[in-house]
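Okay, here's the structure, questions in a sec.
Naming follows writing order (A, B and C), and every chain is counted from residue 1.
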Amino acid sequence: MLLEVKGLNKRYEGQVACEDVSFDLWPGEVLAIVGESGSGKTSLLKCISTQLGFDSGTVHYKGADLGAMGEAAKRELMRTQWGFVHQDARDGLRMGVSAGANVGERLMAVGERHYGSIRQTAAEWMARVEIDPARMDESPRQFSGGMRQRLQIARNLVSRPQLIFMDEPTGGLDVSVQARLLDLLRGLVRDMGLAAIVVTHDLAVAKLLSSRIMVMQKGRVVEQGLTDQVLEDPQAAYSQLLVSSVLQV
Amino acid sequence: MTQINFAYLNEQTKRMIRRALLKAVAIPGYQVPFASREMPMPYGWGTGGVQVTAAILTPDDTLKVIDQGADDTTNAVSIRKFFARTAGVATTTETQKATIIQTRHRVPEHPLTEGQILVYQVPIPEPLRFLEPRETETRTMHALEEYGVMHVKLYEDIATHGHIATSYAYPAKVASRYVFDPSPIPKFDNPKLNHCAALQLFGAGREKRIYAVPPFTQVISLDFEDHPFEVQRWDTPCAICGSGTGYLDEIITDDAGTRMFVCSDTDHCATQAALKAGPNAA
Amino acid sequence: MYVAVKGGEKAIDAAHEYLAEKRRGDAASPELSIAQIDGQLALAVDRVMAEGSLYDRELAALAIKQARGDLIEAIFLLRAHRTTLARFGTSLPLNMNAMRISRRISAAFKDIPGGQVLGPTFDYTHRLLDSSLLADQEPVRAASADVPLAASIPRVLELLGQEGLIEPAADDGQPAGDITEEPLDFPSTRDRRLQVLARGDEGFLLSLAYSTQRGYGRNHPFVGEIRFGCVPVSICPEELGFEIYIGEIEVTECEMINQFHGTADVPPQFTRGYGLVFGQLERKAMSMALVDRALRVAEFAEDQIGPAQDEEFVLSHCDNVQATGFVEHLKLPHYVDFQAELALLRTLRKERET
């Protein structure tokens, strides 16, 4: 098992964000977390990825208790085995440095010291996410929203992580750009054997990317199962409402 | 008014600084906070170096003070006078005769020896400061050895200029652990820090930090394998002593912009000139 | 043939001599006495003592004379002198209720027990140059009040506190930190912050305080009370075990009443900002109180939107001795680093040409 979440609880002052959340994630598996706005998806993602403390419960990564792990080891995980794709690319990129440096940063952080090969790898990754490598010395400020999102993905994947967290990776992009990005993500996840947790309020995204789905409402998991099954035949009343309320895809 | 103590600082203060120095030597490159005092020279004019020197000075020491490599620049004169007056110690301009050398912006050309102490004046001790202005952040970055951003900066330099565009205050890693700022010495001097026989102490008064490189400790300047660290070179030797081994200052000699290059280390220049003149010269 | 310039030492001595001549000014006009500076430029002396962190009117006046009226230079002189002094004790906390009041006002209530005491203030003067001061004046003796001040004057914020309307300011029993003994660390604590602000530059704090009023971290201030007067200072040497009165000092205290705050457990209450400085420096005490409150953002979970609320920014930059040193150090030679930059720039340009 890659990730094991047990009885996780998170509340902000007076406000419940996650209540008794438990689930497992296997290597190479893509899990979608869906639910209405404010249901606790982002909070859950941040708790699991150690960006946010939680009140009770445990998270184990490859058998290691993240709660007992030191700050240094956690940061090490974050820059090598994990990736985090933010909804707003500006939160996930260094806007002040070139696209190439953004992609190369993780390599340098883990000790790569050959400028030429860092550049080479960065160029390859930019091509892979469909950004012209000739633009690698430009600032991400000169990139469109979709390009920034792809750059953020390249920046995360360059260290060949095993688990990637994504919070609304296609949010704020127009439909055709979304479709291309989803296609790209699907290809990458498959080719690299990546495990992923994707937060989205869009069932179409969940359907396209994930093999399993978890439905949240008011901080609780109301249903989880294989994506196709849940979408075809939702059991919980809330899931039924959610599925019926979106246009068929 | 009261009688001023030996080397200006009272003994209580010296003890506090010595404790910080011991810690600094024990953890090479780690910036130790200390309760820096107001000195009779302004912050930014060497108060950190002066406090370190005051704390380690003994009546038997021979002190040399340089600024920009020279013994007779205004600030060097002023600091040397200060210690001559408050501590009555012997002073010298000869690198080899000094037991303590306080410096701003240079490392002497003559190799330092065991038993000597080089005290650097440091304006901004934090090598990460211009990448991250917050102390709370930079402290965490040091603690977790998160130095990736340093290389991001070097990467950007090469991508933009074709070169690492840092020519002084060039960051280095000491004893394979802490990245530190060697103070605004030209990168020409960085190799002298590596496995130096002398104890090197760094004092930043305004920023209230002390750090150290113990004798014979590894100091490696950050670089890339295919863009290795390099020092400055000149096409011509020193116009005064003819030496081709030292760091040269550029002097503009007339209105037409005629230039000449001479040693920045005045003691080194005088020694080399004397050697060249031979034993018979006056 | 070029000869390296020597004789820096001689040039420095000559510069110092010239400075001494300039300091004295026109030899035909009488020399300023320390007593004159202390007595007639008293507010300058106050500021130098406050930011110099040393309460000694004579030394502060001497510093002003030596600095030719440059107050930051005078502050610096006093601080450098302070370094040479051995500590023989730490004073006990001042009892502000024991103040012999010269001035006491509140902007929050019209009538307050103990009354509004105006005292020596510019507040109600018309700012017209008074040409009569061009000539020597007959000394003025101000009339004293018909009724003496009440023996004990209650504090305005305590009156609010009786109703629970303002956050308590009780002693938490923790020993106060000492920024002159331990370097400041971030995040800091309020006691240390207040110490830094008390010796911080008046102009810098004034501008920051002003910025909070213009929306960069607004905190809805009301002057609860400003007091100026003499308070007794005592020490309690460990070996004696009892208090000894060692004299009195003049201080200005400002207690601001600010934006109320409440949580699930505590009903809304006004919050406090506090300022205390040596001498009669109301502008400084008020600025300090506004900035103190602004810096309490985290405590009240407020949004940090202005520079005055940024602890590292404010505390790292409010000391004028540090600031002037580092700004002015740019005058020192930087030949070596400049040479390094110059060489680099030439290389980059040459490579671009080819």
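Just so it is clear, contacts are C-beta pairs under 8 Å (C-beta built on N, C-alpha and C of every residue); 3 or more make two chains touch, one makes a residue touch a chain.
From a predicted model like this one, the values you see are computed outputs, not experimental measurements.
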Statement: If you tally C-beta contacts across B-C and across A-B, the winner is B-C
Query: Taking each chain's centre as the mean of its Cα atoms, which chain lies farthest from chain A?
result: C
Message: Centroid from C-alpha atoms only, then distance chain A to chain C, rounded to Å. What do you get?
response: 51
- line: Cα centre of chain B to Cα centre of chain C, whole Å, reads 35
- prompt: Per the centroid of Cα atoms for each chain, what is the distance between chain A and chain B, given in Å?
  reply: 47
Field: chain A residues touching chain B - in the complex, by the definition given at the top
entry: 71-72, 75, 79, 94, 97-98, 100-101, 104-106, 108-109, 113-116, 118-119, 136-137
Query: Within the complex, which stretch of chain C touches chain B?
result: 2, 4-9, 11-12, 76, 79-87, 180-187, 312, 316, 321-322, 324-329, 332-337, 339-344, 347-348, 351
- prompt: What residues of chain B sit close enough to touch chain A in their complex?
  reply: 140, 143-149, 151-152, 155-156, 158-160, 223-227
- prompt: Any idea which chain B residues touch chain C in the complex?
  reply: 1-2, 4-5, 8-10, 12-13, 33-40, 42-45, 47, 67-69, 72-78, 81, 104-106, 123, 133-136, 161-163, 165, 167-169, 184-188, 206, 208, 232, 239-240, 247-251, 253, 260, 262, 264, 266, 269
